[in-house]
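What follows is subunit A paired twice: with subunit B in the first complex and subunit C in the second.
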Partner chain A sequence: MKRYAMVVDLKKCLGCQTCTISCKLFHGLGPDIVRVKVIEQEEGEFPHVERMFIPLRCMHCDDPECLKACPTGATKKRTDGIVIVDQDECMGCRYCAVVCPYQARTFIAVDRRYFPGNGNLWEAKRYTEHQTGTMQKCDFCYKRIDEGISRGLEPGIAPEATPMCVISCIGKALYFGDLNDPESKVSRLIKQRNGFRLKEELGTEPSVYFLPRR
Partner chain B sequence: MKEVKTYCFQCYNGPDPFKMIVEDGIVRHIEPDFDCAGISPGEGRVCVKAYGLVQKMYNPNRIKTPLIRTNPKKGKNEDPRFREATWDEALELVAEKLREIRKKGLLDEKGYPRLAVSMGEAGSPAGYGGTFPAFLSAWGPIDFTLGGGEGSKCYHAEHLYGELWHRAFIVASDTPRNRWTLSFGHNTNASAGVSGAMRHADARERGYKRIQAEPHLSVSAVTSDEWIPIKTKTDAPFMYAMINVILHEMAWEKVCDIDFIKKRTNSPYLIGPRGYYLRDIETGEVLVWDSVEGASKIYNDPSIKDFALTGKYRVRAKERGPDGEEWIYDEAECRPAFQLLLEHMRAYTPEWASEVCDVPASTIRRIAREMIENASIGAEIEICGEKIPLRPVAITLGKTISNGPGGYQACWARTILAMLTGSLEVAGGSVGASQRLNRPHHDRWSSIWPGEDGFFQNFLNPTDPERRANLPKTRSHYTELVPLVGNTGWSPFLSPVPHAWLWFSQSPENWEKPTYPDVWIIYRTNPNMSMYYTDLMEETTKEFPFIVSIGYTLDETNWYADVILPEHTDLEGLQLFRVGPSTHSEAYWQEYGFALRQPGTAPPYNTMDMTELSTELAIRTGILKEYNEAINAGIILGIRLQGRGYNYMLNPDRRYSIEEIWDRLCRASVRLLTNGKEERDLEWFKQNGYFTVVYPFIRHFLHPVMVKWGLRYEIPYQGRLKIIGEELKRRLEDKGIKWWEEQLKEYEALPRCEDFSQKWDESVRALGLDPDEYPFYMVNTRSMQYAWGSNASLPIMAEMAKYVTGFGGIVINASVAEKLGIEDGDTVVVESPVKKKTCRAIVREGIRPDTVLVTGQFGNWAVPFAKDLKIPSLNEFMYPDQRLFDAGGSSADIVKVKVYKITID
Partner chain C sequence: MIRTERQLYIFQKDWTGNGERGIRDQMLMPAIFFGAVSPGLFLSSVIFDYIPGLWLSITLNFVGYGLTHLLYLGRMERFWRGLANIRTSWISRGLLFNILFSITSLLYTLSATFTIPVLNVSGVNTTLKIAGIISAILFAAYPGFMLSFVKAIPFWRSLLEPALFFLQAIMAGTAIHILSFAFTKSGYGNTDILTGINFILMLTVLLLIMTALVMKSLHGEAERVSVRHLTIGGLSTYFLGGALFAGLVVPIFALSLIFAFGLDLQRFEILLYSLMVFELTGVYLCKYSIIRAGVYTPALKSRISI
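Here is the complex of A and B:
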């Protein structure tokens, strides 16, 4: 059984937001709707200051709070560990967003456009892929993965079967693969470089690991 | 779904190939093109800007059809009242003006070209202009200027001195083999493109060390091992002190690359009493001292046993100074250049620099020692089967470090440190990324030929009276004021003023006031925003008789235009462009060749491909024959349409379609790359994207070709510059010109260093104001979302930029903000001696208390969307002051300001 996971190398992320925009473009997301974003933190006092970038997304927890909170069953966990939202089943209650410890979900409250009322052809065509009043979050580009696998490609190795953020990252800071395979790149990186997870103490068992900056 | 291959050249780090995914009649999204992973340094990936191209294409705020001005009055508060026009009407209006010029004569009564053309920064228009260069070439004399921040928004001193010393328009580090990089404000993560970002990310993974010295903690400092918060414009003093440590505190004879210093530089050249190279009386060749034989010899005498680097000698010889003047000595007292360097650097101690830079002397000492310790002197590495030195240490300089006062000194000191460690143009060290003032642009080796005195050939503007008399006239006078800039295609874009047009209102003493060009074409640039003194620029622009903008949206320059011609954007046009072997920053390719940019779908608006636009203008102005002949002759990318075994020449009298022209250029380009053996047509390029052949990677390093020709870099001693400066001084004195005197002082054989940050205080004082009233250095930083991309009108780019600190306001130090009662997000007033504006305060720890920072270049009042952002631009706070310009004619993005909170009484 596969368990797909992502590894984020904090040493390599340069905060450029290429992952953020490539994801938005691929999934056809409107203004301020993001599935992935790179946040920034500053610590210390001048002149001893540390500034860092942290790419964030749904952590695809093995024991996801959102799954338990979802009253309609729209949030599902696949057998390969990917947590997804079925828009047809989502009623827009937003309980999932409240319980998610990682604030990884964005709600499409209204049909907002970058160019309101201006007849932008791209926005008109692409936004039909999402339903207003439903929840958006990272789904590890599972359709891309499934499509790739059906063509005999290996996720995390073949770009066509790998999430957009991973293949677009210009710092090559993102890795994708099977956590259950000890020989996979993600498993090896986590082991070799002391990969850690955010808010591990909550016990949700996230599938997104971070490699320390130093 | 269909994949369409194309490239991104929104910044000079490209072109970067990528794929458009086309579905249901739209460019659905963009993906990397991993097919070129082994060829391109970006491995087929593209940065945030490329993904924004989709919004750029479908942006409803674009200019969607040609526009003609109906309000004859021009001014910021005058609505141009543009009306929509057909292409035929708009082109005919332009052509009519151009035909009038051809009737009157291409030069006006004062000898200036009647047609002027301004283009955007860093050569990026070339990746989009189609056959526009053929139209410009067919036309005849044109006054070219750079619209994107002439001289002051680039690495100006690095361009001029880098090309002079080692054919390096940009100096980069050989990052994949580098172990230690010291960056003075070089913002790799924002401005070195995909390749730069990726190479440094790989190097971090490998464990190289990177130190970032700059007044604010930039996005590049985030990924560095150390941040040194150095005071603005004191980078040269820091490096001078590093040199002092190496030469006077370390045993330089033991720790430096002596072999490199003796054989590849002018360190052993004897310098005479007047400061010129000492020469053999009979042959005129430069002399050195053979320390074994105890005699002077000509520098390339094969019998030399060892070169003296130190000491004082007496030699029968001569000196040659400005205008060929010579002095013959029976016994000239002389010293090797290196001895003079030792003496010159003695005063620049770490203690002196510490006071200037606001960095502990112990830090400067440690950094100097680290550089030496990491230089691995003696090590070699094999590249393409050839062994070359491996010196994995490099120093990179940012924009504001390598322009304006102190730019020369910073570039010189960096190159001296490379000399001492032998890390110049070798593996792991400081390497030129491209050449632009010399040809061919794409292969630095091919331009290295033996010149005078053991150096390679350089082609500078003449400083002798005879040849100066025949220089072509331009309104920026780059040929007359800046010898180093030369006079090739790129030279006018590095002119000695922020923009040539400023001479109209500010023509200095004894300097001819230029005439307005009859027609001004602006292409992919918005000079009224990109230049200093934006208000002054606008006042000048409105006086222009006829302005043609080839534009994307309404902006602050084409607000004054008479006609706006909307071109196809990046995802809509068709053209071939060169890829590899290197462009500007760290884009070192394994192969080189040509890539196709092609439309993904039919363009959504009534715009025109630049090739069609150029053909139309050529026909309508009666120069179709010259236009076709220019294409035949290779004006487009150096691809001649005829060669051994092939002939794709255009019939000069016939009109060709866009596809016909590029099909021939595609075929000829592959012939060119394969010595005539292979051919690929346009259809093949459409399917495959690019055709490349192997570029021997060793050619990215000058070292082997320097060894092959037995040549030396003209460092540390600037014998030639000294003479050029003296000659230029004489020529300007002949004309009664005194206002370039400060700049002339820069032409020193061994440049003196000072606290250049003080120049900005002096400037405030000269206005009759108290510098203490303006306590902050306002500086600027690039962001990857915006740099060079013309993305200000794209909401998605603002959305991306807001995740990175600095966008949308002015960054100020937390403790200073607290004293001023300013909290994060407050509206504050920023005030320079000439401008006052409000903006949002961004309170952070990662900035010096004497510095405030503005990101990107906004200040727009006309560009859709951007005009509502209310972000100030550094340019609008600037004011003309000659003392803030260097000898190359560039200034730095710095202005002194005060910042205070708005209080309501």
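Here is the complex of A and C:
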């Protein structure tokens, strides 16, 4: 059984937000709707101060709080570990957003566009794919992964079967692959560089690992 | 424009009432408030056989809680799907408790008001009464459980939350029961005992809130951030001024004087009703403040050595 995971190399992340933008473009997300956000953190005291950037998204937890909290069953966990939201089932109560320790969900309150009126052709086509009044979150581009697999491609290796943020990252800071395969790139990186997860004390078992800067 | 956020402690912003949908996003707090008042009033009315209170409770449940909650949902036409995950979701359980409460309270009120052959059989009537009481208790306490099970927000994670929400519901129920005497004198003779119960509940709630604040301020940093926000931060006017001072301290002080001097409550009707309005406002502001004060622990603090 596969369990897809992502690894973020904090040493390589430039904070350029290409992952955010490529995700927004690929999924056709309107203003203020982001699935990946990059946060900035300063550490140390003057003159030894450093800044670092941390791309955050849904952590696709193995024991997701959102799954337990969702009253409608719209939040689902696939057998490969990817947590998705079925927009046709979501009633927009936002409990999932409240319980998520990573604030990885965005509520589509209204249909807004960057361009005036009905938006440009891209917006008119893509924005309607998302239902207002429902939740949005990173889904590891699962449709892309499924399509790639059906063509015999390996997610994390073949770009066509890999999440958009990973293949668009200009610093090569993102890796994707099967956590259950000890020979996969993600498993090896986590082992070699002491990969850690955020808020592990909550016991949600996130599938996104971070590699420390040193 | 895509901004790079700087984060440490982040307040939850999904249940704040601020949103792009205007009035619809503000409907959550009235729903939570009336979701407390309605079962509280039902319990108070059942104990004192107060028929107008039963009808008012039903009205507040359907309009004050049900309608506002529906308006708050992003897709209100799908509310029925909310029953799909009773096994793990407190929202699902809350919806179930509300449905049970709506049905049993309505049937009991009908049987208490009118002569309906099917409902007025002794066993049926008692069963409805007991079912109504149980569902009202569950319905009143569920928002507290809903908050206390949020692992991500340490300030809410306490069993004091369900106790507080339940006691506040009964307190608000008795307050609106007393307030209703301004419009109907039916059951007016119970004013003294109701005021006594209400007074004890106010003292208990005040004690519970103070205990919670002290306990939380002794815990982690995120809890302390929440407590600071409630006491000296942006919510202090609502919480300290509204919920604690106007909503609890003033009514407790005024009622203490009335009780201490053995004054006749019925001579101080206007004062009593004013105090009940203060108390209800305090309950609303307390719930509002607690929900707004929810803070997430930072995603990264103390984990990364650079």
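Simple rule for what comes next: the second predicted complex is superposed on the first by the 211 of 214 C-alpha atoms of A that agree within 3 Å, B and C clash if a C-alpha of one lies under 4 Å from a C-alpha of the other, contacts with A are read in each partner's own complex, and residues count from 1 in each chain.
Assume contacts are C-beta pairs under 8 Å (C-beta built on N, C-alpha and C of every residue); 3 or more make two chains touch, one makes a residue touch a chain.
Please read these numbers as outputs of a predicted model, since none were measured by experiment.
**Student:** Going by the touch definition up top, name the partner, subunit B or subunit C, that contacts more of subunit A.
**Tutor:** The partner that reaches more residues of subunit A in the superposed model: C.
**Student:** Classify the contacts of A:39 with the two partner chains as first (subunit B alone), second (subunit C alone), both, or neither.
**Tutor:** both
**Student:** For A:143, decide between first (touching subunit B), second (touching subunit C), both and neither.
**Tutor:** Neither: A:143 stays clear of subunit B and subunit C.
**Student:** Under the stated touch criterion, which partner chain does A:21 make contact with: subunit B (first), subunit C (second), both, or neither?
**Tutor:** In the superposition, A:21 touches subunit B and subunit C alike.
**Student:** Touch check for A:151: first (subunit B), second (subunit C), both, or neither?
**Tutor:** After superposing on A, A:151 lies clear of both subunit B and subunit C.
**Student:** Is A:94 touching anything from subunit B or subunit C once the two structures are fitted on A? First, second, both or neither.
**Tutor:** In the superposition, A:94 touches subunit C alone.
**Student:** State whether A:52 touches subunit B only (first), subunit C only (second), both chains, or neither.
**Tutor:** both
**Student:** Which subunit A residues lie in the overlap of the subunit B contact set and the subunit C contact set?
**Tutor:** 15, 17, 20-21, 37-40, 42, 44, 52-53
**Student:** Where on subunit A does subunit B make contact in their complex?
**Tutor:** 9, 11-18, 20-22, 24-26, 28, 31-32, 37-40, 42, 44-47, 49, 51-53, 114-115, 118-123, 125-126, 159, 164, 167-173
**Student:** Mind listing the subunit B positions that touch subunit A in their complex?
**Tutor:** Touching subunit A: residues 24-32, 34, 42, 45-48, 51-52, 54-55, 57-61, 189, 194, 197-198, 201-202, 204-205, 217, 219-223, 227, 229, 604, 784-785, 795-796, 799-801, 803-805, 813-815, 844-849 of subunit B.
**Student:** Where on subunit A is subunit C touching in the complex?
**Tutor:** 10, 15, 17, 20-21, 34, 37-44, 50, 52-54, 56, 65, 67-74, 89-95, 97-103, 105, 107-110, 112, 131-135, 196, 198-199, 202-204, 210, 212-214
**Student:** Can you name the residues of subunit C that touch subunit A in the complex?
**Tutor:** Subunit C reaches subunit A through residues 2, 4-7, 10, 12, 14-15, 19-21, 25, 72-76, 78-79, 81-85, 88-92, 95, 146, 149-153, 294, 296-297, 299-300, 303-306.
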